[in-house]
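The two complexes that follow have subunit A in common; it is paired with subunit B in the first and with subunit C in the second.
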Partner chain A sequence: MIKRIEAMIEKSVRALREVIYGMTVYDWVHELEKARNEQERLFTLIIFGDLLGVPILPPYHMLRLVPYLVPSFESWRRSMLRERDFTDLIDQEIG
Partner chain B sequence: MSLANIFEEYPERRYIMFGGKGGLGKTTFSAATAYHLAKSGHRVLVFSVDPQASLSDIFERDIFGKGPVEIVPNLFAQEIDADQHIRAYQDEIRQKILDMYGMEEVPEEIESYIQAAAAEPAMEESAIFDQVVDIVVAAEYDYYIYDLVPLGHALYYLSMASVYDEWIDKITDLREEMEEYSKVASLIQRDKELEEDMILQELLDIKYRINTSSSILTDKEKTAFFFVIIPEEMALIDTLKAADLFAKYDVPLSGYVVNRVIPPGLAQQNIPEYLRNRLKMQEGHLARIDELFGEQVLAQIPEFERDVTGLPMIEKMAEAMFGSITEPTTAPSKSVEGANP
Partner chain C sequence: MNSLIILLIGVLGIAVGYGFYARTIDKNIIQPDPKKATPATMYMDGVDFTPASRNVLYGYQFKSIAALGPIVGPIVAVRWGWLPALLWIVFGTFFIGWVQDYSSIILGVREEGKTFGALSYKLISPRARTILLIFIYLYLLLIMGAFGKIVGYDLMTKPAVPLGVLFVMGVGLLAGQMTYRWKIDILITSVVTVILAFVGIWLGTLTGVQNFFTNINELFGFSFGDVTWARMLWSIVVLVICYFGAVLPIWRWAQPINYVSFWIVFLGIIGGTVGLLLWRPTIDAAAFPALTTWDGKLGELGALGPMWPLLFVTIACGAISGWHSLVSSSGTARQIEKETDALPVGGGAMFLEMFVAVLSLLAATVGVGAARYVELNAGAFVFAEGLSKFLTYVGIPESFGLPYGAVFLTLMALTIMYLVVRFMRVASAEFLGDAVPALKNVHIGTIVALALSLLLIWTGYWSHVWILFGSSNQLMAALALLLASLWLMTKAKNYTWTFVPFVFMFLTTMAALARTSYVVLRDAITKGAELPIDKVIGNYVAGVIGVVLFLAALYLAVDAVRAIQTRLAEGRATAGTD
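Presenting the complex of A and B:
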């Protein structure tokens, strides 16, 4: 019995915490992550620029970074090459 | 001041380079200097950073891509095989991708990027200078003699290094800023241990390597850079331009060595008009060299009767450059100037 009440309290506390999180700092975190992704794209562009026809850095040393960028590579290309229009102003980010 | 004096007076200058137009005798001087230093009891590595290297030719031994090869006691020569180095490097990258993500093979797009990268024009220079870092950091020798690429390439590398360095700074900053964002985000969320940013570590290491290789070329304490010139109009004009450029990149210049001087003593002999004209022309150019560089001219090396290849000729060249070799056990004495023909 007590256990169940405890579990319920714990559940509602967690829910409450998430509600408060959503009301207060969620936007900050979201903004921060957005800004970070924006930079991640820029960073990848500098290193992989060749692939889009924008050679920026000589690739000798940059090759060393390639392994780390493999996972984000596909989504990066998609996000760089996709069309952009005014709906981008609405807060929906892909990639 | 003679060439030998420079080496005696500045024993801390351990990186020796001869620069100049192609075909003036840089490799010959590098080999002869290495020979001289080795005979005076130092452990010397002469290595080629030129994709079209000719150390194998001068030592009459195939040393290409074989690592340091001992030619005579204490004298090691090395020709860096840039292609082989690049291939090994590419394989390393591929293997890393396979290991990191447990893949069977490298994704096609990535693979084509890796292949295309190897065809870049700056690739060879970068690969060679990068390997130089490994050689120099290992610090196994007393002297390192660079058989330098012709002027253009060295300048190209230096300018590339400085542009590169700025870019690396920029993207390192960018990376640090990114990390800052992630940190703040995870701080607000009060969770998630941040994993160390491996990319940032790599960037810092790349920066270190670029700085090491380019700083050697510009280190006033440890580097002695000699210009090789010959008494000919075109070579002089080019050298003046190059010296200007090198000064801009802070390459410390130790002096000039004049090569291919036709012995003026010949004028007393019965020689054909052709040779007499050459001698007269040379006299003018030598006077001009004296006027331009004066005290900075450290030695005049006569044109030899045959090509400088093989050890006996290298020894002869070393004597022409440094005078006869002093025994390593005796105190350094001012050596005899045997350079003047």
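Presenting the complex of A and C:
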């Protein structure tokens, strides 16, 4: 019984910490992640510029970097091709 | 009636509304599946789509939706009596408020993270997206007008307030510097900056500082209409703050300041609630009647207008708000990890906001009392006084509590205002950027948004601007409910729970818009000679905004009726085939 109460209290404290985290620091962390991923998107675009008809890097260097980018290629492609309208941009602006 | 009973009614509303009604709809109609992939998990790219746990998102959602609406709305609405205000807060949230927030999230989750622009294009008509853009821009302009007037005219002109607000801004920037540049632990940053912020608010209460700001406020004696030098100065200062918030990177200005502001607001709400529970006052029924008159006349304050539709738009975010649907669909829906999280996040945060609205209602009725309420002209400062009264019961003297309450309110407004200017800049670039390329420039787009806001702040009657803001806010919510209803129709699910609230909110907000636009334009035309020139201009501006919003909503309604007919015909055809 006591163990159950302890577990319940622990769970509640953890939930409260998460809620406060969501109200306070989450925004910052989310924004930093966004900034980092936007840089990665840009980097991938530079590497795969050929696909868009813009050969930015010589193919030799590009080919050497391709293996590192393959895992994130699918999400990059989807992200680049996704149609965005002003209500999407609102999300970008509020962070 | 004792304030504890009113609080209990609020808690009961949450228990039954969330525990029974919301859960039943969630379980029987939406039928969320925790194993089903959500857009956040399917399309995780760290930019648009990022999964987060339900508790974190609950905090994020509440922080994003809570602004001045649930606080100022109930304070104004008690002029019709505290009972109708309380009933609308509780029943509005129960039947409409959470429905809108929750369905906006569900719509985003089930439609691959599409936001309102794309959804209105798909579910209503192609032109709906353009109309929505115009609508959102004007809605945002009204937020700026309503909030800007509260802060620039009422709160910042009190000599004990500006230093505290400016100090919190500075401390917020310090928080950003400590975190990003000096890499100091967030816990230490928080403790240092929050203590400094409170010190700043306390410094503002010192007689020397107050005298300094009084001298600034009285530096020039000129005024244009009711725009005195002090109001002119502080409304410009507020907009300069918004300018920086809109043009600087969000991590540099908006986020660290919002972070420090959050603690000021959060501690105020906790302290106020505890103080109220310790005090347990009773509403003086003779001074503050449960029901005043149909047209909202309390004491020497003039009549506001008919209870329907005006009460339902005056209490803006405390019962239902279109702002929530924008946040829910563009932000939260793309971070939901499991479908089952939509109810606790969307519904749960709305019910908590309802509690803030009830607290605000009590601040006006028991914290301030009728005589002082009338003396303060039912303005936002009523909340500051009510909160300071509650805080005295947790040992905080009124000499500190009063400016603290005013800084609390100012920060709540400012943290939303610079995000609103960012929205406006994006919307104007999107809508007119091709025709007027200059609007794509960050600074020009922002200055245009601020200039329009200033025009509304300096010229409009606050009561009319607030009602127009409330109407557009609730109308935005009605549009969210319409999208949810159309989506439910396409999925052949029960749509009564979204469609009936949509019809009610649509009729109410359209009536409020039509009435207010008529009143302000009538005054501008027929009383032009009697009114000061600034008020004539303000009435024309407010009237034109009201008419455009009304027409935009009407266009959307026509397209929506066609879309509904199509959906119902499709439904009948499918049933016939089956």
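We adopt the following convention: the second predicted complex is superposed on the first by the 91 of 95 C-alpha atoms of A that agree within 3 Å, B and C clash if a C-alpha of one lies under 4 Å from a C-alpha of the other, contacts with A are read in each partner's own complex, and residues count from 1 in each chain.
In this text, a residue touches a chain if its C-beta (ideal position, glycine included) is under 8 Å from a C-beta of that chain, and two chains touch if they have at least 3 such contacts.
Source: prediction; values computed, not measured.
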item	value
Touching partner for A:11 - first (subunit B), second (subunit C), both, neither	neither
Touching partner for A:33 - first (subunit B), second (subunit C), both, neither	both
Contacts of A:25 with subunit B and subunit C, given as first, second, both or neither	both
Touched partner set for A:63, first subunit B, second subunit C, both or neither	first
Which superposed partner A:86 touches (first subunit B, second subunit C, both, neither)	second
Partner chain(s) touched by A:43 [first = subunit B, second = subunit C, both, neither]	first
Shared subunit A surface residues [contacts with subunit B and with subunit C]	21, 25, 28, 32-33, 35-36, 40
Contact footprint of subunit A on subunit B as seen in their complex	89-90, 93, 96-97, 100-101, 107, 109-110, 113-114, 116-117, 120, 122-123, 126-127, 130, 160, 164, 167-168, 171, 174-175, 177-178, 181-182, 184-185, 188-189, 198-199, 202-203, 206, 209-210
Residue ranges of subunit A in contact with subunit C within the complex	15, 18-28, 30-38, 40-41, 75-76, 78-79, 82-83, 85-91, 93-95
Interface residues, subunit C side, partner subunit A - complex	43-48, 50, 52-53, 55-64, 115-118, 121, 129, 132-133, 136, 179, 186, 190, 250-251, 254-256, 258-259, 262-263, 266, 326-327, 329-331, 334, 419, 422-423, 425-427, 430-431
Subunit A - residues contacting subunit B, complex	21, 25, 28-29, 32-33, 35-36, 39-40, 42-43, 46-48, 50-51, 56-71, 73-74, 77
